[in-house]
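In structure tokens below, several structures.
Two complexes follow with chain A in common, the first pairing it with chain B and the second with chain C.
On to the complex of A and B.
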């Protein structure tokens, strides 16, 4: 078997650090809400500002991908997803967000396409 | 309150077919009479004795009118349906919390088939509780049902953001009515705000212009475009206004069934693509849908 080893100088930060990860159900709430904090608890804005954005910035600065696990919640309103991920893209740009976020869902695999669409749809908008 | 006691109540007979879905115009006329009497005379006496059929969305809508804070200082009396089956459903509906009965009766035990919640904000935990209640009735235990949960959240958000037009935040009232023997659960979500089209005229100048550009001639056309996601939200922002089209899509995919919307002068069975006019305006928005027992999980 031909095994290749990276030399120390070739190792990237993402190879050493544990893969940054957010489970929305575990780290935020299994009962997600609507768009803004003013709408009520569990909003997309609350998730973005309190959980997603700091972890995204950290991952982005370290050249890593932040993995978002979407499973385990009761569901997602369109406004929650758009405000959380589209809102992030409105601030940091579509490409940077796509480069540093990765989505996982076994329950609803199509959700990841929907979220990527919300992110791409923000292009050119503030 | 002492002054109210002297006022002769306005007598209103409830329609025999107490259903907003099946007997829309007659039921709507009844609601208009109740609204008018409460606003002008502050005292009503509603006679349900001849009611032979009641449906959950009608009971919930009537309850939302009686429970409206605008009618807090009014006197509401009534007679129960004579039919024992209708009487049980009437008790379960919560109407007796507002309607003082004119005859002394022993209240039956609640059947446990109805759950109600009201608020004016988006309440995710409430959406979960209502979903859980429905699932336990259908399956004997809680199950995930994202379409159901998502529908509640979208409707709560919609009411919170739009139902009051330019005025204060409007309350919503949601009910779940379980029919375990039929393997079906009925959901009603109602606000007695200004209705979708009046909300548009009060707050959505840009959307109205777009409606004209899209060749929308009337409220039925408008509702169809709204359900199909062909209109931007009232905010005029591209990223908004996806909630109602999502609910409509869930109905098209059969994840929620028999979706009916009644707002202002339009009655629509979205699941069947059947759109009709109401004779008079209903000042609010009613959403009704059903979920049936199925072997697969959603």
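On to the complex of A and C.
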């Protein structure tokens, strides 16, 4: 049996630290809204600026992936998702966002594909 | 006993017709024996009889297992088509709800919730279709068609939910854009059903 041991120098910070995590329903709102703050409460802009961006930067600086749990809300409008995650990619670049975000959804598994599409689409629009 | 032989298939599994055809065949045989000068050999040759028995067994096995495999494939197809029909139904419901909002020129909180839940249900039916397609094996063409459907779904969802819930319902173009997206999704659903029937 071949067992591999990592030496101390091979261990990355991301191997030790727990993954940073956001649950949109718990940390933001189970009733997500539309695109901009002016559209009403629970907007994509509000989520990005108040919750997502600071934690994304922290995770990115520590070389970790920020896990985002999408379950527990009443559903997402395209405008919310595009503004939150597409907006982040417009500021920090597609690759950096894809490298440091990870999505989880049991309620609606297709959301992961959808969000990745919005992130990638920003590359063409920038 | 089930009528799994060729005659049973031809007669649509109808037992009454099976017995009618059997009796007609028997009567014809007796008639031919009486009227035509046919003579059978008295001694029995074992080799042709064994050949006949082996041929019948092979024919039975091919028919039985071939039919079983065809039945399994059909059941898989029916399951995918059922899910696709659920997708179509959900897509229609969401569009009808949206159309109602256009008539009222607004979407209140309850209607917004219904629309978001509707597109979520649509998405989950699509995910179920994807899993079934992957499970069904030789399905590269189906996966491509499914990806096209997913793309139409994203467009449809955007036309339904990428809106200012207050201002945009006063714009007539909102409904027509959603209707176009709905029709495109419906068309792709139909194409996928045809593709499922073909594979």
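Here, the second predicted complex is superposed on the first by the 121 of 126 C-alpha atoms of A that agree within 3 Å, B and C clash if a C-alpha of one lies under 4 Å from a C-alpha of the other, contacts with A are read in each partner's own complex, and residues count from 1 in each chain.
Here is the rule we go by: a contact is a pair of C-beta atoms (placed from the backbone, for glycine too) under 8 Å apart; a residue touches a chain by one contact, two chains touch by 3 or more.
Quick caveat: nothing in here was measured; it's all calculated off a predicted structure.
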Judging by the criteria at the top, classify the pair chain B and chain C on chain A as clash or fit.
clash
State whether A:86 touches chain B only (first), chain C only (second), both chains, or neither.
first
Have a look at where A:29 lands relative to chain B and chain C in the superposition and call it first, second, both or neither.
first
Would you check which partner chain A:74 touches, where first means chain B only, second means chain C only, and both and neither mean what they say?
both
So, does A:39 touch the first partner chain B, the second partner chain C, both, or neither?
both
Is A:51 in contact with chain B, with chain C, with both, or with neither (first, second, both, neither)?
neither
When the two structures are overlaid on chain A, which partner does A:110 contact: first (chain B), second (chain C), both, or neither?
second
Report which listed segment of chain C has C-alpha atoms clashing with chain B; options: 116-124, 134-142 or 188-196.
116-124
Determine where on chain A the residues touched by chain B overlap those touched by chain C, and list them.
34-35, 39-40, 74-79, 82, 107-108
Please give the residue numbers of chain A that touch chain B in the complex, ascending.
29, 31-35, 39-43, 74-80, 82, 86, 107-108, 118, 121-122, 125
Chain C to chain A touching residues, read off their complex
112-113, 116-117, 119-120, 123-124, 126-127, 150, 153-154, 157-158, 160-165
Where on chain B does chain A make contact in their complex?
121-125, 127-128, 131, 144, 146-150, 153-154, 156-157, 160-161, 238-240, 242-243, 246
Across the complex, what residues on chain A touch chain C?
34-35, 39-40, 74-79, 82, 107-111, 113-114, 117
